[in-house]
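Naming follows writing order (A, B and C), and every chain is counted from residue 1.
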């Protein structure tokens, strides 16, 4: 008997019908079950996030602490990555452009690819690694050691104190980190162009920004907010919903990084599609 | 031999002041998926007494007190704290009720990212909002002295030993002057000397702050040191309720295995 | 609170501030947004073919970016009206007779619109002006070169006419000139090319005469293509000059032939007058290269799309008339 009521699946009650199901179908049902309940959990999490965002008594101090942790503390990593990104991109594309006799287009090309794609995506992936895993591990260990419960019983809404502050800090800080990465990337590109050639700083910058349009910058900045949101949400969700025991902290951190990176790529694809449609 | 264990002993056990019980749980049922942790638990906590809930690991003791503060929602039955039904309260009302309850977590649950001082300030600033900076400082110093750790003010939790953490955690719980204290395995993972100290501290707190306490443990030494009354949980039900003497004199092999 | 924690909001603030400076600086630089605040005038041009020009492409004047292409739309049957926004600071340098062409920025770069030319006799451009587009680059250029060439040739052949007259007068003796093979060969080659050139010149002259008469007929294809009176005038002038060349060349060849018949008198001049000899040599060389160039021009003229059909039509008539000369 393969027919069963969908509601049965969702709620996970073992009805008489599902008892008769073969083991394989049962496993499938369980997977579908888990997926649907997970999805419901995520939606609930986001709804709660939105509700707590707009509720009174905001945790401004904790928000600034998180901005410091997420933004300022990630700056060295992001700037090193950005510089190397620009440097490598320049050194790699230089020979090809020389072949076409278009080496003067190098700054423009690097600037456009950095600002449109490389900067946001690579920085977001780096942040997914650093911030996402940090949130997953921190909230996961707080969950495991009952700190979240402790917060709840001391009349503090942990959703608000821990999640809302972190997610908003990520939404605001990640785009700024991406701007830093872009700036350092162009600086690195200039350095790269000067390893083999000789371009003055002013010429390089005017060439670089000569090719970048406002419509290159706008979609990039817009999508970076979504990258921040994805990283914040995934990190907090995974940490907040960590299981029991110390190993679940590791699992939470790990799955936060994996899922956040994946979602960053997916969001990027959607953003590119939308940008393509609009322009 | 099992005939008497569910019989209520209200009249024999409760202080004769006639006041209503602080916590009253009736027919509590709680399950996680298919696993039924609490089947049918009823208990009362009277004003000023130390009630020890005893049981094996996994017998649902922690679940029971988490239901009391509303961290977990019971499936059936009612939990009345100060004659308010915990399950029917909204978030705000629950928050107000929780201000009267102190909860000492099994692991201490000190906030890792904060110093001892900040840990103590955290509930204080949120629950007692009308305190001045000076009053806060004073309160923190007093409570730290009470647990004997006045010098740990600016340490991080990671710099503290297990026993010190428990004490700081206890200090954080009592700093907001709760009326009910819930101890979740206060002596677990501590050496015998430290657990004796913690037990003594629990008694001191009860005297000094005039709290009513529920102590969850499977440590008999702690039971002996603190208990006014004991409830034994087994298989999600109340197995036996009585005084320390009742338990020590019990001939039930299950109880004997605990006490000897 | 320790020192690091007190500094935290300051550091966060600084961090955000620098990030925002990057953003705002970037926006101002990249979007050329600062240019939107500059005052601009709009001028238009009509193109037959914009070869991939797009809105937003740069407009250059004397190699400086002075604006962007703001709009492209079809006009008339198949023409494209290109509107461009030009900064007012460049307005005073661009005159109403300036022209517009489409070029490429670098080898594989973007298309750019180049404004060039213009004379101070005309006034500076105003809002809404239409700048002329150079339509027939190749034929115009060719005719210009041809005219220049014609002038040179005319000068040379005039010189030669004088010399050859002296030769024909029969002063001096044969002497060295006969021994000097290179001079003799040169003259021979020059004569041959000149003959060839004169034939071609005559052919072209005849063709152009017919062509220009065809231009006057309204409604023909040629008339429709070249409505510009300037071009028509150049063609007419060319034709006249070519006819002159043909005449002079013919005379020269006849003189030379005469000189060849009477070697004693002809080469005497060269022996007698060393300066004249050197002059002759130089002239012969010039004539040679010049006639070659004319030859090339004429070849090009035949392949030019405007004149090609015309040459084909008249090919037979030309052949018939040649042997008679």
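Quick note on the criterion: a contact is a pair of C-beta atoms (placed from the backbone, for glycine too) under 8 Å apart; a residue touches a chain by one contact, two chains touch by 3 or more.
Treat the numbers as computed from the prediction; the structure is a model and nothing was measured.
Q: Find the most central chain, measuring centrality by the gap between its CA centroid and the centroid of all protein CA atoms shown.
A: Of the chains present, the most centrally placed is A.
Q: Would you say A-B or A-C is joined by more C-beta pairs in contact?
A: A-C
Q: What is the distance, in whole Å, between the centres of chain B and chain C, each centre taken as the mean of its C-alpha atoms?
A: From the centre of chain B to the centre of chain C is 101 Å.
Q: Taking each chain's centre as the mean of its CA atoms, how far is chain A from chain C in angstrom?
A: Taking the average C-alpha coordinate of chain A and of chain C, the gap between them is 60 Å.
Q: Counting in whole Å, what is the centre-to-centre distance of chain A and chain B, each centre being its mean C-alpha position?
A: A distance of 41 Å separates the two centres.
Q: Please give the residue numbers of chain C that touch chain A in the complex, ascending.
A: Answer in residue numbers: 8-9, 11-12, 15-16, 18-20, 22-23, 26-27, 29-33, 56, 106-109.
Q: Across the complex, what residues on chain A touch chain C?
A: By the definition above, chain A touches chain C via 64-65, 67-68, 71-72, 75, 100-102, 104-105, 115, 172, 175-177, 179-180, 182-183, 205, 209, 212-214, 216-217, 221.
Q: Mind pulling up the chain A residues that touch chain B in the complex?
A: 138, 141-142, 145-147, 149-157
Q: Provide the residue numbers of chain B that touch chain A in the complex, in ascending order.
A: 66, 69, 71, 91, 95-96, 98-99, 101, 103, 105-113, 122-123, 126-127, 176
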